[in-house]
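The following block contains the structure, expressed as structure tokens.
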Amino acid sequence: MSLVAAVPRGIVLVVAIVLIVAMFVPPLEPLREEFSLFFNIIAAFAFVLGGASLIGRHARKIRRRASGYGYSVVCIGAFGITLAAGLLKLGNPTGIGGDVTARGSVFAWIVRYVFGPADSGLFALLAFFIASAAFRAFRVRNRESTIMLVTAFLLLLGRTFLGGLVTSWLPDRLEAFELPNVIPWIMSVPLKAGSRAILIGVAVGAIATSLRIILGIDRPYRGEGK
Amino acid sequence: MALALALLAPPAAASMPIAHSTPSPPGANVVTVPAAVAPPTEVRASDRPNDNGGAVILDWQLSADDRPQHGLVTGYEILRAPAPAGPYRLLGRVEPGTSHFVDIFAGRGKPFYYQVAALAGTTRGPARPVGPAVATAQWFNHRRLNMLAFAVLLAAAILFGIRSARRGALPRLRELPGVGAVEAAIALARERNRPVLFITGSEDLNDIQTLAGLSVLKEVAGRTAAEDVPLRVPHMHSLVMTAAGDTLEEGRAAAGKPAPVDPDENFYLCDEQFGLVAGAGGIMYRERPAACFYFGSFYAEALALGEIGQTVGAVQIAGTGQASQLPFLLATCDHVLIGEELFAASALLSRDPAQLGCVRGQDLVKLLAIGLIGLGCLLATLAQVTGWGPLIPAWDTLRSLFRTG
Amino acid sequence: MVQLGRWAVMNVTGRRCIYLGMLLAVTVPMIWRISFKEHPTPMVRDIFATIEKLPKNARVLFVCDFDPASAAETRPMEDAFARHLCLRGVGLYCLTLWPTGPIEIDRTIRDVIALEFPSYRYGQNFVNLGYMSGNEAVVAVALTNFKKAFSTDVHNISTHDASRLPMMVPIEDLASFDLIVDVSAGYPGLNEWIPYGAIPAGVPIVGGSVAVGSPEIFPYIPEQCGGILVGVKGAAEYEQLLLEQYPQLDRPECRIALERMGPQTVAHLMIIGLILLGNGIHLWRRHKEAAA
Amino acid sequence: MTRKLILAIVCLALLLGLLIRASSGAMPNPFLDYQNLGLWVGAALTLFALSFLYGDNPFFRFTEHVFVGVASAYWMVQGFWGTLVPKLLANLAPEIAVSLFRMDFPVGVPWTRRLLYALPLLMGGLLLTRLHPRARRAGSWTLAFLVGITAGLRLIAFLDAGFMTQIQNSVVSLVAVSRSGFDLGKSLDAILLTGGVICCLLYFFFSRRESGPVALAGRFGLAVLMVTFGASFGFSVMGRVAVLVGRMEFLLHDWLGII
């Protein structure tokens, strides 16, 4: 391992250790704040790479006249217009120093009438997907799937007016087993237990992964390779 | 629990001044304003501990005229000066009944003198200067000593696991069928001559789950390269795309099939989750991947990706720590790695001793968590049932071990 | 690792029938305006009571952590909260941690505060602090130094400017607020504001969450979080309470969530029917296979 | 071919009908102003997006490409005006931001701060060397820097909020006492909650055997997890349907004007 190749590992080690130590040393604590800000700043630089990837991929399709290259023209066009409108604040009534989404600007129009509807339109697909997923997945197949099916069924029932009706015949003594009371119980006992255990498990996994990265066992950046 | 809490509660209520609320007869609302309101007593100014300087804490006893009802005091004014003689500048006002103020603009290392004066309407009562108080920085935050201890303990457990595995004591781990299915799915893709789609979640590189996803991608990259299966890795973040480019190269080099990354296999779509759905959905419909892998942090897009993958008949394997999206992945994918299993996937795929040892270390940490929960609950229950004096401070100490701040 | 088994791939027609059914289940009750009366749950009543007993000069941090994509669920909550808080006459400090959140704050200010409460003055009764990037890091900064995290409002007026933003004068840190109200649709949201903001500052917090994110908030209730409105149903229950307490609000724009519950109910019934149908087919097939 | 022709004629007829309805004032007229045009654009994009349910088609493909282009540019613009200018430039050289963009930043930034903020500038610059195929190595220094930040910040964050806080919340008395004395229901809840958390954690054990008491506890843990998943599935249907309702409101009310 050459010295130059060892630099990234050293950077990871130093940065991570400094940020961990900063949690316990008050004069260093502002660093944690500053460094998470640095992340966002560098992520903003990275947009150049993302843009290059997007334009490069579609430009190649256009150059090769690959099938459906017309869509690539649309994509690059939409990208270019939005980028110009936003960076130059075209038609912005508050000028170059104002809010980029100020009403009346070209960018605000695009956000409101192109970005918004397309985004929510795609989001709305989920209503259909959830129905077909429920139809396909919730079957009495084995023990696990049955438990999941029954819970989901109860929850769905409880979200409608039927929730109060199906168990209203129960005597007052068994009030606790009425659906409107069972659902909060599910949310506050088994669901709480399950989500808490997942949280703890994820925390343990995340701590271990952080350690692996700090020690250089995991290298999601280019390490010693060529 | 309520019992134990009552036992632990300091006898604060007894020292509170009790207001004599004799109802005044109608028409007797004559207010006599005395020459001055009584000043607050025992004013103390001290450096706020465990910080980076900059703050001075002021505490005082309420003015004798500050009572819950019929009190003259309408608030307190806090004044500050660089010298005992002044000039004093107003720092702030607090409501009546308040006996605490933090001056967060005290700088570092500068001595200041303070006055706390009671207010009666627009009249400011007399006040004596206190001080000097100097805000200083501490080199260690004692309130986080417990966190440091836990950090060291957890790191030691994980390092122990890694060390023993590196020395040859490979842990016996249970099989995760989802991990085995990854190889089968790649073989299927080769058989059908179709690509494999891999998505590293919708979070940026500042999420540990994304990094765990990249580790899985590294293994998948090696195996697809060995089987000559094309790979499609669309991204929601430019940084993740850049890192994934390196990951792909490393994975291939490790599998003995080094090859540069094609810009059509590792690419950026846009930073919007439904842009990922549209883009990846389009790829799924047009290129019909034989297998789709989703490893990372997912939100609403998980259901859409899984369902589109179902429609095109791909084998789907997912892993995420997002509890709220796990049900949708379970309903659409063939195999799902739940929560912590995501972080173990790359270890099980690579069979790298250090990584496997780390997974063993995670088990040790969980054992510790279970032990602490069990011990804490036992202490709390015993303290409540028996009411035995020494148990209560013991339980309280244990609870304070987990206090963060 | 869980495997529920490999599903039989549904045929295209079956899938399209389900999609069509869903479309009808949602549009038909919307066109014929089918709606049902809501019965508020204790948690929603608790949230309502928390805001109802705020004093007149209270300062409320009103966080809008959602974007237009999730607005269908969160907008009715945001509006109901804004309406209720304005009716109580409290000071509103609006902000968001979502880059696309400012659109929603502007809309609430325009359609609710400015339109229905003309006596609310900018800088005195409400202020729009806009978007700040950095997610939970912003919360952590605001915790100790609010004006460092939000140095200007959306109009680039300094938050230290006492003449133009007099309501910012008493604000030092998060503890300066009497209540945090956060309507959130994911990350960053309640799951960040509660542990990094409300708990260390000791400020009560209530809010609303999209249904999908709510199980992550439940562990905080009731100790660290006063309660959350869950999805459209929570918003509808809140609207019901508002209507009962303030009958003058009986206008269409104050019953948005109540009206949206109509298609919800029918869609839920359809999914319930689908699950029953699916299991019926499944059991019938299994029975036939066993017989064969 | 005939099928496509019929489809085109039906689409044209529909569009013509809508335009006539718009010119009569029942719907927003797209040729009146930009807002009304926007409603038509939004309605078209919504319909195109929903057309994906039928399968991949040119309308969806068009929306997909428009959306990917617009959304990536949207986030770049936000990155520039929301991060690079107010966070980097305002700390590094606020004079430029003030004179170039007429923005209201304080200019008296101390040189130590400027020096500190030269670090992200340097790292960002190094990252851009990725654009050149031969200068790529320097970019991995930036990636290492970012990964280091993530590991350093997240390790503590998960220790704090995920590990310690969750354990603290779990440490409770298993015997609940209400005003009227011992409360059986609440006590059972507490036992089930604690037992559930422990069993789920045991389920996550990687070095457990396939049988034995730990495996048994793990199976109970799995059952608890399945309840969790079922509940959150049933719970989130409402949110998904709500989005569709919102879209339908937009189409039926804002655009078509029939409800």
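Think of it as A, B, C and D in the order they're written, each chain with its own count starting at 1.
The definition used in the following text is that a contact is a pair of C-beta atoms (placed from the backbone, for glycine too) under 8 Å apart; a residue touches a chain by one contact, two chains touch by 3 or more.
Predicted model only: the values in this text are computed from it and were never measured.
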*Measuring between mean CA coordinates, which chain is farthest from subunit B?*
C
_Busiest interface, counted in C-beta pairs_ = A-D
*Taking each chain's centre as its mean C-alpha position, how far apart are subunit A and subunit C in Å?*
18
*Averaged over CA atoms, how far is the centre of subunit A from the centre of subunit D? Could you give it in whole Å?*
4
*Starting from the mean Cα coordinates of subunit C and subunit D, work out the distance between those two points in Å.*
15
_Residues touching two or more other chains, restricted to subunit B: which are they?_
147, 151, 154, 205-206, 208, 211, 239, 242-243, 246, 268-272, 274, 278, 300, 303, 310, 323-324, 326-328, 330-331, 338-341, 344, 359, 362, 366, 369
*asked:* Among all residues of subunit A, which ones touch two or more of the remaining chains?
replied: 20, 23, 32, 36-37, 39-40, 42-43, 46-51, 54, 97, 111-112, 116, 118-120, 122-123, 125-130, 132, 134, 136-138, 144-145, 148-149, 152-153, 156, 159, 187-188, 191-192, 194-202, 204, 206-207, 210-211, 213, 220-222
*Find every residue in subunit D that makes contact with two or more other chains and list them.*
49, 52-53, 55, 61, 63-64, 67-69, 71-72, 74-75, 78, 82-83, 87, 103-104, 127, 130, 140, 143, 146-147, 149-151, 153-156, 158-159, 161, 163, 165-167, 169-170, 194, 197, 201, 204, 222, 225-226, 228-233, 235-238, 240-241, 243-244, 246-247
*Which residues of subunit A touch subunit D in the complex?*
4, 7-9, 11-20, 23, 32, 34-52, 54, 68, 71-72, 74-83, 86-87, 95-97, 100, 107, 109-130, 134, 143-145, 147-156, 158-159, 176, 185-204, 206-207, 210-211, 213-214, 220-222
*asked:* Considering only the defined contacts, which subunit D positions touch subunit A in the complex?
replied: 34, 37-39, 41-43, 45-50, 52-53, 61-84, 87-88, 100-104, 116, 119-121, 123-125, 127-128, 130-131, 137, 140-156, 158-159, 161-163, 166-167, 169-170, 185, 189, 192-197, 200-201, 203-204, 221-238, 240-241, 243-244, 246-247, 250
*For the complex, which residues does subunit B have touching subunit D?*
1-4, 146-147, 150-151, 154, 171-174, 205-208, 211, 239, 242-243, 246, 268-272, 274-275, 278-279, 281-282, 285-286, 303, 323-324, 326-328, 330-331, 338-341, 344, 359-360, 362-363, 366, 369-370, 372-374, 376-377, 380-381, 383-385, 398-399, 402-404
*subunit B touches which residues of subunit A in the complex?*
20, 23-27, 29-30, 36, 39, 42-43, 46-51, 53-54, 56-57, 60, 118-119, 122-123, 125-126, 129-130, 132-134, 136-138, 148, 152, 194-195, 197-202, 204-213, 215, 217-223, 225-226
*asked:* Considering only the defined contacts, which subunit C positions touch subunit B in the complex?
replied: 1-4, 6-7, 9, 15, 69, 144-145, 170, 172-173, 186-187, 200, 212-213, 215-216
